[in-house]
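Structures follow.
Below are two complexes that have chain A in common, paired first with chain B and then with chain C.
Moving on to the complex of A and B:
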C-alpha cells in the first residue's frame, strides 16, 4: 500500500480512435456477418449483439463580445439489454482525414464509465440534449480491432425507446481501434483487414466534413 | 466497503498541527492499530465561465480517493454526485472553454492509514494550496453497510481514542442512517468539510 497515494492518473493523455467506415444493405448483411464470424476471434461462438440508446448532449455558449459560438458534444450511451451495466460518457473529437499515407480517420476518443445519474448531471452542468437514437447490432473482435455492424433507428417520440423507425435500409459497418497516441502502425493492420472484407463491404475513411456540407 | 464517518479534530490552542497529528497517531498505535500505508483524498473545483440563459453559474468539484484509485467523483453544487472512471479528468480538460479550474483552491487530506480489527482509521492533514489548515479523521467499519446498525459501536471507538467528540452523528450521516452506504457518501462528507475549510480560509484572509 505504501506509495498508493500517487496512483491517480490526473495527467493521463486522451486516446486516439482509428476508424474506417462503410455500409451494407440489409439483404447482404447476413453474408457479411458470416464472413466476419470466420475472420474474427472466437469464431466458434455465436456473434455478440448489442442494443443501445445514445443521447448526444451539447454545451453551447454565445459570448456577445466576439460573437463566437463555442460548443462541445458529449455522448451518453447505455445498454437497453443490460440495464444494470454502467452508463458510458464519451467524447469524440473531430475526425482528421490526413493525407494519403494515412489509411484511416483519426480522432480523439475518451470513454468513461459512469453511474446512471449522468443525464441529470450533464443537464445541471448546462448541457442540453441535441439528438438521440437507438442503435442495434453485432460486434466482433480481431486482436485489438473492433468491428461493429449496426442499424440506427430514429426515435419517433422523445425518450421513448420502443417507438422506432429505421433510419435507412442499410447497416453501418465500422472498424475501429482505440489506442494511445502515436501508434500509427495499427492503421496498416486495419487496412489489410478491410481488404479481406472486400467486396462484401468497402471500408473507407469517410470525410465527415464533406457530408455535413452536402 | 463498510460505513464511514469523517469529522474534523479541533486543534487545542498552543499546539501545532504536526504535534496533534503525532499525538493522535501514537494514541491509535497504543490502541493496537497497525499501520497500513498512506491515503489521500483530493478535490479541485471548476467554475463555469459561460453565459446561457438556462444555466446559472455552476461549480463542479472533482474529487479522488486513494481508497478507490480508479474512480473519479464529480459533484455539481446542486449536490448531484457522478461516479465515473478516473479518465473523467480528461473530459474536464475538454471543457476548458466552459469550466475553468479555480486557482489556489486545490485541497486535500492526506496522512497515515491504520487497520484495527474491523475498523480502518485515517488521520489526515488538510492542505489548502499546500498550506496546513486542520485535521480530518476518518473511521470506517467494514462489516456493515447501514450506519444505523453500527453507529453506537463506531461512536464508542471514536470516543475511546479521541475523547468526547461526536455525541450526535453529523447531519449528513443522520439522513443516511437507514440507506445503504456507498463510496460517494464518503466523498460527499469530505467535500462538506473541505468547503468548510475553504470558507474559513477566505474569511481569515478578508480579516
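Moving on to the complex of A and C:
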C-alpha cells in the first residue's frame, strides 16, 4: 500500500502528512466500504486490499527511558501479499493538533523504499524493535486523498505473522494526504470528505499526546 | 395581490426551468442541482398555499374572468404559449377554461347539501325549516324522522371516528418506538476503539510483547558490533554513541530470540 507514496522519495522538500482518524465497528464495515467505493476514484473496480506487517523500531536515549517523545521511531513495513515488493522505511513526526483553523493533524513524513535487509541495518544502527503488528485492510484514492480501512492484529508470537489476534472489534479508518509543506488548503477538502462519511465514521483530528497519556 | 402574482410567476418560471433542464440536460445535470430546484419549487408552493389560505385573500370563486376577445381563427401565439395544448380561443373553449365557479345547478345542489350538513350537525329542526322553506314540502313528521336518522348516523360516525382514532394512535406508537429503536441502533463507530487503535499504532499500546524477547547472546554480539561501530564512528553522531547504553538496559530484560535480531 505504501507504493503510492514512494514516488516522493527522491525529492528533498519536507513532506507533511495531513491526517484524520476514526474507526468503524466490524458490522458496519461493509457499509463503509460500499460508501467509500462510491465516493472515491475508480468506483467501477473492486477496492484494493493490503496485508502488511509493520515493525516499529525505537532509538532510545539513556536518559529518557519511558518518555515516548524523546524516542525516535522508525517504522518498517512490508507487504505479506507481495513478498517481492520493496520494503518501506517510514518516519512520521509527532502529530501537531494546531488550532481551530486547522482541520487535520499535521506531521512530518518521510518514506523510503528499501531492500529487505533494512531490519539488520537498523539493528546495526542501534535501533531496537519496540513493537510489531499486522495490518490488513482496504485502501481507496480520491484525488490526492488516501483512505485506508484497516484491521490491526496483535502478533501472539514474535515474527509469526500467521498467529494473530485482532486488537479490537473495530476497523481503523484513516484519511491522509501527503503533500509538500505549506499546502494547507488540502485540509478543507479532507474536512469535506470526512463530512460525507458521517455519521458512519467520525473522522477527526485526535490529539495523540492526549490519548497516549490516558 | 401583487405578491401573489409575483410568487405565481416565480413558480412558473422555476418549474418550467427545471422541467426543461430535466428534459434537455439529463445527461449533465447533477443530483444536488435537481434537489436544489425541487427545494425552490416546494418552497414556492408553500408560500403560495399560505397566501391563498390567509384571511385577506377571498376565495378564487369570487373573482370573475372576462374574455376580452374571441376569435374563431387559429392563434399561433396562443399555441406557442400553451405548448400546443390550445390552438383556438373561441366561444367553445372559453367557458371551460375561464370558469371560476361550478355550473348554476351544481352550485345550487352544493349549497343545499352544505345547508343540510350544517343543520344535522347542529341537530336543529327549527333552522332546518328556515333553510328548506324554498322547497316547503317537508312535513313535521318527516323532519322528526330525518332527525332520528341523522342522530343514528352521527352516532355511527362517532363510533367509526373513535375507532379510527384508536387505530391511528396505536399505529403512531408503534411507528415512534420503531423510529426510536432505529435512532438508537446505528452505533457504527466507537470512540474507545478509535483511541485504542490509534494508541496501538502510534505507541504500540497493547501490541508490545509481554515477555521480553532479546537473548543475552545476541546482545553481547550486538554489544561487540556496536562498540566496533562506536570506535569507528563515534565522532560522527551522538545518537550512535548512545546506543550501547540502550543495550545495557536491554540485557536485564533479555530472553528468547527475536528473528530480526542479529544472530
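Just so we're on the same page, the second predicted complex is superposed on the first by the 195 of 214 C-alpha atoms of A that agree within 3 Å, B and C clash if a C-alpha of one lies under 4 Å from a C-alpha of the other, contacts with A are read in each partner's own complex, and residues count from 1 in each chain.
Definition applied: a contact is a pair of C-beta atoms (placed from the backbone, for glycine too) under 8 Å apart; a residue touches a chain by one contact, two chains touch by 3 or more.
Treat the numbers as computed from the prediction; the structure is a model and nothing was measured.
Novice: Quick one: classify A:132 as touching chain B (first), chain C (second), both or neither.
Specialist: second
Novice: Could you look at A:89 and tell me whether it touches chain B, chain C, both or neither (first, second, both, neither)?
Specialist: first
Novice: With both complexes overlaid on chain A, does A:115 touch chain B (first), chain C (second), both or neither?
Specialist: first
Novice: Does chain B (first) or chain C (second) touch A:124, or do both, or does neither?
Specialist: In the superposition, A:124 contacts both chain B and chain C.
Novice: Quick check for you: in the superposed arrangement, does A:200 touch first (chain B), second (chain C), both or neither?
Specialist: A:200 sits against chain C, while chain B stays out of touch.
Novice: Count the residues of chain A touched by chain B and by chain C, then name the partner with the higher count.
Specialist: Tallying touched residues of chain A, the top partner is C.
Novice: By the touch definition at the top of the document, which applies to A:14: first (chain B), second (chain C), both, or neither?
Specialist: first
Novice: Thinking of the overlay built on chain A, is A:158 touched by chain B (first), by chain C (second), by both, or by neither?
Specialist: The second partner, chain C, only.
Novice: Is A:60 in contact with chain B, with chain C, with both, or with neither (first, second, both, neither)?
Specialist: Once the two structures are laid over each other on A, A:60 reaches both partners.
Novice: For chain A, which residues belong to both interfaces, chain B and chain C?
Specialist: Correct list for chain A: 59-62, 72, 120, 124-126, 128.
Novice: Per the contact definition, I'd like the list of chain B residues that touch chain A in the complex.
Specialist: Its residues touching chain A are 36-40, 42, 48, 50-52, 54-55, 58, 60, 64, 66, 69, 74, 76, 78, 80-91, 94-95, 97-99, 110, 113, 184.
Novice: Quick check on the complex: what are the chain C residues that touch chain A?
Specialist: Per the stated touch rule, the residues are 186-191, 193-209, 213-214, 222, 225-226, 229, 239-240, 242-247, 249-250, 256, 258-262.
Novice: Quick one: which bits of chain A touch chain C in the complex? Just the residue numbers, please.
Specialist: Where chain A meets chain C, its residues are 21-25, 27-28, 31-32, 54-56, 59-62, 65, 68, 72, 119-120, 123-126, 128-133, 135, 152, 154-155, 158-159, 167-170, 172, 199-202, 206, 208, 211-212, 214.
Novice: Once bound in the complex, which stretches of chain A touch chain B?
Specialist: It is residues 1-5, 7-10, 12-14, 59-63, 70, 72, 74, 89, 91, 110-115, 117-118, 120-121, 124-126, 128 of chain A that touch chain B.
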